[in-house]
Amino acid sequence: MVGVTDIKFLSPENLLNLATDVVPLLIMAVGMTLVIYIGSIDLSSQSVANMATVLATVTLPVAGAASALVVMAAGLLFGAVSGIVTTRLKVPSFIATLAVGGIALSVAQYVSGQQALHMDAGQRNHAFGWMQGSTAGIPHELVLALVIVGVAWFIQNRMTAGRVLKAIGTGEPVAVASGIRVERYKILAFALSGMFAAIAGLMFSVKLSGGSPTLAEGFLLPAIVAVLVGGTPLTGGVGGVMNTLIGTMIVAVVRASMLYLNIPATGQQIFFGLVLIVAIATTIDRSKMRIVK
Amino acid sequence: MTQRLTMENLRKWVPLFVLIGLVLFFTAVNPNFLSLRNFARIAISSSPALMVATGVTFVILMGSIDLSMEGTIAVCAVLFALMLNALGGSLSGAGWLAIPGALLIGAVLGAVNGLIHVKLKIPSFMASLSLGFVGIGLSLLITGGDRILIEDPIFRSLLTVRVGGFPLMAWAALACLLIAWFIQDDTTVGRNFYAVGGGEDLARASGLNTGRLRVTGFIVAGIFYALGAIFAVARLGIAETETGQNFMFVSITSVVVGGTSLSGGSGGVWNTLVGVLIVNVIGNGMVVVGLPDYFQDGVLGLLVIAAVYLSTDRRSLFFVK
Amino acid sequence: MFELQNVEKRYPGVHVLKGVDFRIGDGEIVGLVGENGAGKSTLMKIIYGAVRHDAGNVLVDGVPVSFSNPRDAMKMGVGMVYQEQSLIPNLTVMENIFLGFEKPFVRFGAIKWKKMAEAAGKQLRKVKLDIDPAMITSKLTFSQRQLVELAKVLTLEERVEGKLVILLDEPTSVLSKEEIDLLFGLVRELRGRASFIFVSHRLDEIVTLSDRIYVLKDGAVVDVMNSAEADIETIQKKMVGRDVNHEYYREDKQRPYDDGHVLLELDHVTIAGRGNDVSLNLHAGEVLALVGVEGSGREPVLRTIFGMKKPEKGTISIRGIPVRSFSASESVSHGVGYVPRERKIEGIASGMNVFENMTLSQMRNYSKSGVLRIPAERELARDWIRRLSIRVASENSDCGNLSGGNQQKVVLAKWRSSGSEIILLDHPTRGLDIGAKEDVYEMIRDMSADGVGIILVADTLEEAIGLSHTIAVIKDGEIRKWFNCQPGSKPSPYDLIRYMV
Amino acid sequence: MSFIKNYIEHQTLNRRNLLLLSAWGLCGAAASSSLIGRQAAAATSPDPKICWSYRDRTNPFWNSIVAGGEAFVRSLGRQSGDLINLINGGSSEKSLSDIQSLLSRYGSGVALAVDPNDMPNCRPVVEAVSHAGAYVSTIWNKTDDLHPWDFGDNYVSHMTWSDVGPSEQTARVLFDAMGGKGGVVHLGGIASNNPAIERQQGFKNALKAYPNIQLLAIQAADWDTQKANQVMSGFLTRYGDAIKGVHCASDTMAYGVIEALRAEGIENMPVVSYDGNPQAIEMIAKGKLLATVFTNAYWAGGITASLAYYAATGAFKPSAEPREHREFYGPTAVITTKDAQEFKTKYIDTNPEYNWKDFWSLAKGPIRYKS
């Protein structure tokens, strides 16, 4: 539809640009997918990403490229905490991740000294310059994102962990009665989500060459929406990372299309909401839902 | 009525103990905390949140969730202010019609939300999230981003006039809470919310029209959001798109902290009152004891986890989503 | 008078009811029997309005009616006492009784609780249940709930003019002997106002209580007999369609077990929350049946052995080694397998395909450093589909779409293929049709012959007697009596019941 | 409604196909259109599109910015609606991707006025614009190492406001009103935002000159009216009557503070703020607020768009301009009770006519960096 209005929208360069722009969002959404896949939700992603931008910027001068590891470890840790709070303390993930997000935000504010920080260009290029380059017109960021999606897909479809997550999503009691240590895998899902969020933050931070406790603001809802529109409903067990890849593209296209369709700025939210309802109504698989809550 | 002090009976009161514990803690750090004037301040900040959280309580009791409140509040607040100003600008004149008007708008938005959820079979999380975007967009479209001021002294007396040390707003909110309590405990619809939350298929087998009930739940919630919007406008004298900001997470957190289960069927509006007070006491207390602002998000998070942890009966939960 | 004429019902691919005629006179008690899958539940659903028939007529007092939901049926005086708990646990007893019919108690929008409590008290007195109507339902015992179900249906007496038809679906399965007597007494008392359709697996009860008996097989009524002339064996024969003999439980295949080889030992095990202790030995090749009434504590024993519950006291030893940490994964790694009663909740992950379900408990065997060997999984699934003749399009089919019997075979294959030596079967034939049941019996014999120790909680007493080497009768969580169960010298159900209640 | 339900149930059967189709459709369309050549980047464009990218519409400051932008667009004989609005809602990610989309649609024929939302976001925005050959002028958020002159003509200019000085002035007004003694609290914006940092700095500078003024507390209220209201009530409990004056980093927060005081029946507490919103100026005229700083967002909104536009048309060549024309401070004026009424008639009730080609008429000199 958008393509018809303006053919330029469909130029490969534009689509490539579009895809590259949503890379951080995509990575966060992929992490979120794992959690939504088991029927939970992760509201801490945005704050973890915020924290990641700060940590990346702060550790870059000290650790160089290894700062990526620090950031990922921090994401993993915060995700795992969410998972532990949800499984062991039985706090619903909606609340647990919201609360852990608050903690991540505090860490971000404390570490940053409540300032927007910027990376030294030389150090950035030395450690992460390769991320910004492109080969044969394809940005490395995009390649990296696809690799990460590929890894997530592999975990989901080809590894024990992925199979267990599917089992938890479709029927947690079955997994328990099959002798699976369900809690561990749930914690793993949250931890991975945290790590993906941190990677998203890191990439965004490299792209913007800086960090701030508010830099990743506005990521959370689009990421959730991307997962849902892709067809991974909150009921769990259905969908997956490939769906989220498509979902993220849909979000990106919808957002960009508002420009192409000349939707006035004040009306964009309405348009977005309506498109969302239509998209979910047509893509959701109701056959597995006996009761729609 | 004498109740045995079993763990189970005790568990019900845990949120209240948490609240009392927090009050004692903050008082110990700064004795100023324990004063009528400060409680009045907490009451003012709690009143709008209480209405919103009460509204979403009904939805959560049914086992659904509603994330549309920010949009609904924004639309109700803005239209309320526009109506009030268009009808003479004072509650003493025709302006009072703005109040039922706003409630009606809340009800309509709730109905739309419920119908999309029930008729299109979209889980409430997604339906209401989308509708929240639409609501915010709508209010933006109406105001073009402007703020609408309300100067009517009669309306603002909700904030400025005090009875027994508390502003009228707090009493009005309490009255609305009593109405909510009545709906919850003494009306058919209210009891049927519990039935749907306790087992939707069983309720359906007993001949309840659960679809209609769900829509009703969202309508009731919408009306309470409208009340929340009115109080929020009364608190600041300003109606704008941002009036609804932050209510989503705060209200749902309050409901859960109060001990109402997200899986539906247990809890209620009194739990929500305690939950709202816990959240607002923490918010106020952190400022009062002078906690550095960059720690506040984290401490709030920790306290919320602790409160929910203490008030959940883990034996009854096989697994938690 | 309530009548079905030539009622038909089809679901995609299945002809569930084939021209059923059914009639019940005023004040009559009619028994309805049939194997699982014979169409009983569909027939009942049509009667109480949960399902619409495709063809034929439903007549009330000779007038054709059409129920679009249970509420419509209730208005015509047709009510259902459910087998599964249909009371909502978080509501009070009185709210459950009047759920959906609160209107008479509402004044100015408010429910008058006093009035409702009085009315509920009246209903409860009908079933001779002395409880506070304001009690939360989840605090009632199973049998109390069953009576509340009945009291709920009896509100039709006041609500509807004229005669009532009440369906009782397996009402006795959770009741004690005294409670059953009370229930039967009540039913007889109420005949003046209502007629009853009584559905039960306990044929002796059917014969005792009902006036006439409808036998349903493969969606058709194969016989209607007067109870006076009926005996259990004939009914059974009609239900199954052939002689039910020792063949049925494959008794000829029962081999003595190896009593020198103890697989599992429970030594004075106390299960949390119950002041009891259980000791037993399970040998290689032995089928040990736990027998008792509903709620007597059979399931907790299974769940404790499987590690889902932690024993308070005592030791559980597997192959002579005491178990130290209790979790399902620990038990599975010791070769314990569990076929749960709630197949759709705990047994089968619907949404996952056949091979995914089969390897769920043994992914370690089918993966290398966390990466699954999917071709090997498929191979395994194909092998077992063949061995157990599971009817399924391929190993990629969604298990949620399989019939109950095939699902159960997948669950059994899951444990068998992982080499479990101790298998716990909780109602393994629940809800299966005859053919599938026989397949399950066959598998139990095969496993036993392979030296697998099996603990069985059976669907019926006959099943327990027919299949087992040893029977332990459990009451109040304690083993009251042991029976040796060698072919030729098997105890009768009545021998067992004496110790059960 | 049932036909809708049927339709949807029917649709769901095909949901997988639908998703796949849409994905394939995108790829296919991309492949087919790859034959269409890329538009050549033009150096200048006779009639560029004009666009403003900013945080949100719910803030009076941004509303004035947009009003100014629209006034400029009208001065070109176009409709107000011809100004393209990009609202990022506080998300740097959306800000950047919206701008990318815009550039991919119009190529070099765009003149952008941008607030990049967060300082680090400025570089990628500017890089994207200059890569496309379009023209951009920014305000507020820019890192210190980024300069328009490093990008030739495409990065036309950056305007920001030096908030330290005016904030210090309002603080002095406040302290004088307090009689030079007593306790004071400061409510700041989102702590990592540059204006929040500068405005707090100005406040602290003023404190040095007033030894008898006691600083009670500083806390961020995130530019948010409701949060400011809550924080102020907390302060009232903590310090009670010790608070003799309030310094706010924005008008929006001051409204919350004043309402918190009003709830307590405190009417005469001196409060100063920043931004110069119409509502704030009205309050100053009525004596409810002591002072604010007018940043002339209307002019800023117009002139920023104008700079980008005229650079894009080639009316002037940015690289030929001196550096103080590429990076400069915007106008600030402290407004107190004395001049509020006069100011209101001049700037609020009507907007003065500006000559949008006189780019630097109100500029306050080149930007000075700390190090």
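Going by the order they are written in, the chains are A, B, C and D; count residues from 1 in each one.
Basically, contacts are C-beta pairs under 8 Å (C-beta built on N, C-alpha and C of every residue); 3 or more make two chains touch, one makes a residue touch a chain.
Going by UniProt, the chains are B = ABC transporter permease; C = ABC transporter ATP-binding protein; D = ABC transporter substrate-binding protein.
Every value quoted in this text rests on a predicted model; they were computed, and no experiment measured them.
Between the contact lists of chain A and chain C, the overlap consists of B. When chain centres are defined as mean Cα coordinates, C lies farthest from chain A. Taking A-B and B-D together, the chain pair joined by more C-beta contacts is A-B. Distance between chain A and chain B, defined via averaged C-alpha coordinates, is recorded as 29 Å. As a whole-number value, the distance joining the C-alpha centres of chain B and chain D reads 32 Å. Centre-to-centre, using mean CA coordinates, chain C is 68 Å away from chain D. Chain geometry summary: the mean Cα position of chain B and that of chain C are 44 Å apart. Of all residues in chain D, those touching 2 or more other chains are 8, 57, 191, 220, listed in ascending order. The set of chain B residues that touch two or more partner chains comprises 120-121, 140, 144-145, 293-294.
Chain pairs that touch one another, listed by label: A-B, A-C, A-D, B-C, B-D. Put simply, chain A touches chain D in their complex at residues 3, 6-15, 17-18, 21-22, 24-25, 109, 112, 114-118, 121, 204-205, 207-219, 222, 230-231, 243, 246, 249-250, 252-253, 255-256, 259-260, 264-266, 268, 281-287.
Note for the complex: chain C touches chain B at residues 50, 69-71, 74, 82, 86-91, 95, 99-103, 106, 109-111, 113.
On the chain B side of its complex with chain C, the touching residues are 182, 186-188, 191-192, 194-195, 197-199, 202-203, 205-208, 265-266. Across the complex, chain D meets chain A through its residues 8-9, 11-12, 15, 18-19, 22-23, 26, 29-34, 36, 38-39, 57, 81, 84-94, 96-98, 100-102, 104-105, 118-121, 123-124, 143-145, 190-194, 197, 220.
Within the complex, the chain B residues that touch chain A are 62-65, 116-118, 120-127, 129-138, 140-141, 144-145, 200-201, 249, 252-253, 256-257, 262, 264, 293-302, 304-305, 308-309, 312, 314, 317-321.
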